[in-house]
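First subunit A sits with subunit B, and in the next complex the same chain sits with subunit C.
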Partner chain A sequence: MRFSVRLDGVLHRMATINPLLVSLDIKSSDRVVSIKENGNVDSNFVITHLIKQILGDGNRMCFVILHNTLGHYQNVGKRLGYDFLKQIEEGRIRTIEPLKDIVEDIGNETNYFVDDKEQVVKGLFKSIKSTMEELVEAGSSRVYLVIDDISHLLDLGIDLKYIISFINYCLSLINDERISVVINTHVCSKSDEIICNNLNYVSDVVIEVMPLKTGVSREVTGLLNIEKSGKEQVTQFHFKAYDKGIKTFHLGESVYNLYK
Partner chain B sequence: MLTTYLNTLPYTKFVLIEDSVTAKGGEILEYLLKNHENKQDYRTHLFVFERNFNQIKNKHPGSECHDFTSDLRNWMSLTTSDMETVISNLEENCVVVIDSLVHVLYRYGLLGAYQTFTDIKNKKNVQQIITVLHTDLLEDRDKVIQYFQHLSTLHMELQPKRVLYTYKKSQRKIIKQLEEYYCDSGKFITQPIKKPDKDVIRETVEQINPENMSTFKIGLSEKDKESRSNLVLPYLPKETNSSDGKIHYAFDDIDDWDEEDPDDDLDI
Partner chain C sequence: MEKPSRGSFNIPGTVINGQNAQLLTSTGISSVDSILGGGLPVGTVTIIEEDIYGSHAKIMLDYFLAEGIVNDHSTLVASLDMNPYNIIKNLPAVIHNDPEESTISSDSIQDDKMRIAFRYQNLPTSDKDSHNIGHYFDLSKTMSLADIENSDICYWNGQRIENGTSMFANPAYNELLKAVKEKIKEGKFFLKDNPSKRNVLRVGIHSLGSPMWLPSRDSYHLMNESRDLDMFIFCLRALVRSAFAVAVITIPTHLYHENSLDRCIHSSDIAMRLQTFSGTELENNFSLSDYHGFFHLTKLAAINSFASKHPGSIEYVFKLRRKKFHIEKLHLPPDLQEVGSSNSTPPSIACGSSNKHLLEF
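After this line comes the complex of A and B, so read on.
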């Protein structure tokens, strides 16, 4: 929906209202957001839409990429209406790409391949902290730390106890009023479950994305559960992934979206 | 009643709250903290291992908060307190609350954590220790729970609306109960589970008439019941006298019966 309003002779164009972001309703008072991906459905759309909201509000972001490539975010961003690489050039988004560093380190025993795994997470956190501090000093907007996806730290051979400490350290960043943390996790093993549960206890918002229980449907891609701390009720939506975006609807109402 | 045991003096020494994601113990911990913070004759010490320290500190001005979350592994080289030193410095009458036992376990290991808790428990000036154990964050669930249940004097296992607790009284008596609980605006209320009244159930059951509950005809009329009892089931043995297993075959019109033995020409 696009509205054009003539105000004092100047044409304003109100932002396109995104149904997913309206459903999620993430406010600036939600300081810790965790996203849990179950099963075969890809929860990456939550992060890409949140990037849209962050950029739309004029905020900055430190993006730790452990799952997809920059090219992926650029492609998805174009479809959602923002230029990811341009934002990096302008300094609104700073990226930390451990995947790239790992590729460069193959063969050497440095950085991500050292035996003492505590140093790996410690190094990662230190680079996150310095990037966040630079972003905070660069302007007066809010700064978001987005980690996609923290369960991959387990794949690097890092012990569970260090990852739990890493999460604690990331939470200490919200001492600054302007910082919020968004962490994406996926569940494949018991250790992943532990990391997810840990985030569940400390998050203001828990977004859970899972496939349909009984199989696959043409009209519905999956189920979205949103749990906010303080509210007993968990909000449930069904969602469908289209080429240009994601549509959410209440359970059983997919029929209203069939012909759109 | 659980709330009675939690509040009677002298305080039970070690309270262990076992919770999980489906039944969180955060509100109960808050309730217990509030109770202790208002008291004048002892100080409440809150050891913060989970969440953001400043948020917790601002929420609990009445307790002395110790930061074990911002720099637990000394990565940022801030002046961190070591748990052992803080504990040995506890001189006055106090209550020790540790917001997450799992984080202590991950930091100091099972042995270290157990020794620390034994030390705190042995200190005479510590009136009560309260801690929450997130059971779904443990890798070796049964072992850890077993050890800390042994160490505790009151441990409660939280389920979605019920709590199973074991209370070790000082006179060697052990009370194990299952009660219902709910948290209402900061208050923690427990009540024993009421057994359903037999007479009430009997009355409700008698009132139910299945015929009225659907548009289909559910019951049987007298005629239906009679024909059901008269029905003979074909696969059950009949009461007729059977001859020695002879097969009686009734020929159809088109059947052609040959009296000869078809195997006659074989040389067996």
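After this line comes the complex of A and C, so read on.
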């Protein structure tokens, strides 16, 4: 008993040691987290770090993969200190991979390739819902729904209204006290922006990842805006992506970072 | 792609990047390979936004395909603008050493012994060759027909189009996806397949989204800028990700609205853009006279890693020689004479006078 308490403490400390997670400061009371990716900057690291936190806290998650592959998460996960595939085996992560199913559907006009796009969204939500229910029943920990890049639904030819209602359905899941939702969106067109704004409106935390306005810099990869509902102030960070991890610093602090 | 963890696959023309667990293959242009951090990761989709005349983008595609044929990779070529067989027939011939490197190095080899840093005497002066997987090609000659006939090439010219699904406004996109999938299945390129000998499929698509790809008049969909294109790229990426395949697509983006391709770029892994000087006012720019155009690297996705290998705010230019298509960093020449003198002296008809060096008199 005593050992497990100590282990929990260690795990917790491990999660908090990560500088990005400290900067993000997402608490379990933040039920809806949306990540907005602008331009050509990559916000995937936010999700992979949040996964670290979710697993570190001993929670479970349902992961909907639309942008990157399992192999990517496995490789990045190893750098952050978790074994993605092993977690899947142990049932702490369940994945739904439209990216894989699409391959099957090409030439068959089934599932994702049917003409009635409402069916596509409904089908996807049904599988999410059943997975979430199974995860909730499996234990007493919190359960997260993580969707990597919901804007790809647009690329499947799904109308905006169906995507919005899909988001609404997903958010209805948080009626269960133990469920939280993390959704990543990419913004580059008008329709993307509508999806994103709708999502931001209902989010507890909005994490916005932006490229630098002035172009590209060697010391700073991009800008990180964290907006929490109820607080008017937006927290801003600069971040630098390294091969092995992310460093964050307050605006203007990156210069000191060079001398470290 | 993604996880070449089970030892090495030993596919000719590929190399494993241990750091990110990626299988890399060459674009056929060594300077592009080095900008991309070694080559194209297998399982990715690359978009090349064409220059106005489309000729330089076509050359990059030619290199990509020729490199595949030299390495005995399987190939799928698709185009609606020209006969894909002609693309293959006119691929450049391979030459076995770098045409420019050799002349330079033969000049610069110094016989004198190093007296101070003698330990470094026998070290190679450049480390380029050690991890170079690509070949060099002579654009003035075409590849021998025997080589072409011996390789596994699939041509797609969109002749056989059935009106199946209405997901795409133009069924040709759907047909091409089917053809790629068919080829992957037939050649056992899927990650889950277990063929006796692993190989890589190269998919080259020329001028995707050109006016030849416009939807037929009786389609239900409105002309929604690049809706078909977005869907196609997304589905193609899903397909290529699940297989030992790598795709290069050229798109005439100047025919579209300025930002309508952003979603395509988001769905792709690598995006680059060519911008020629010819026909624009840059053509007469003195400091750019050595080059043929700008090369912009719009996107380089971070796969299996946090940080993209994107080199940052470096400006690249390309030049086309008979035996080499080369990309290098743009360095503006020192501002010595030309700008000042050309402004002060009235333009004279006599040639050569304005080019006179300051030190010449």
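Here is the rule we go by: the second predicted complex is superposed on the first by the 242 of 260 C-alpha atoms of A that agree within 3 Å, B and C clash if a C-alpha of one lies under 4 Å from a C-alpha of the other, contacts with A are read in each partner's own complex, and residues count from 1 in each chain.
Definition applied: a contact is a pair of C-beta atoms (placed from the backbone, for glycine too) under 8 Å apart; a residue touches a chain by one contact, two chains touch by 3 or more.
Only a predicted model underlies this, so the values are computations on that prediction, with no experimental measurement involved.
**Student:** Clash or fit: subunit B and subunit C on subunit A?
**Tutor:** fit
**Student:** Which holds for A:69: it touches subunit B only (first), subunit C only (second), both, or neither?
**Tutor:** In the superposition, A:69 contacts subunit C only.
**Student:** Kindly classify A:256 by the partners it touches after superposition: subunit B alone (first), subunit C alone (second), both, or neither?
**Tutor:** Neither partner.
**Student:** Which partner does A:174 contact after superposing on A: first (subunit B), second (subunit C), both, neither?
**Tutor:** It touches subunit B, and subunit C stays clear.
**Student:** Pick one for A:79: touches subunit B only (first), subunit C only (second), both, or neither.
**Tutor:** Touch status of A:79: second partner only.
**Student:** Based on the superposed arrangement, let me know which partner A:202 touches: subunit B (first), subunit C (second), both, or neither?
**Tutor:** A:202: touches subunit B, not subunit C.
**Student:** Thinking of the overlay built on chain A, is A:126 touched by subunit B (first), by subunit C (second), by both, or by neither?
**Tutor:** Touch status of A:126: first partner only.
**Student:** Which chain, subunit B or subunit C, is in touch with more residues of subunit A?
**Tutor:** Touched residues of subunit A are more numerous for C.
**Student:** For the overlay on chain A, what angle lies at subunit A between subunit B and subunit C, C-alpha centres, nearest 10°?
**Tutor:** Result: 90 degrees, to the nearest ten.
**Student:** In the superposition on the shared chain, how near does any CA atom of subunit B get to one of subunit C? Answer in angstrom.
**Tutor:** Checking C-alpha atoms only, subunit B sits 14 Å from subunit C at its nearest point.
**Student:** Could you please specify the touching residues of subunit A with respect to subunit C in the complex?
**Tutor:** 40, 42, 44-45, 48, 68-72, 74-76, 79, 99-100, 102-103, 106-107, 109, 113, 115, 151-152, 154-157, 186, 188-189, 192, 215-218, 221, 241-246
**Student:** Which bits of subunit B are touching subunit A when the two form their complex?
**Tutor:** 20-21, 24, 26, 49-55, 69-73, 75-76, 100, 103, 106-107, 134, 136-139
**Student:** Please give the residue numbers of subunit C that touch subunit A in the complex, ascending.
**Tutor:** That would be residues 1-3, 19-21, 43, 164-167, 177-178, 181-182, 227, 230-231, 233-235, 238-239, 241-242, 259-260, 262-263, 265-267, 298-299, 301-308, 310, 312-313 of subunit C.
**Student:** Residues of subunit A touching subunit B in their complex?
**Tutor:** Subunit A reaches subunit B through residues 31, 118, 122, 125-126, 129, 160-162, 164-165, 168-169, 171-172, 174-175, 190-191, 193-194, 197-198, 200-202.
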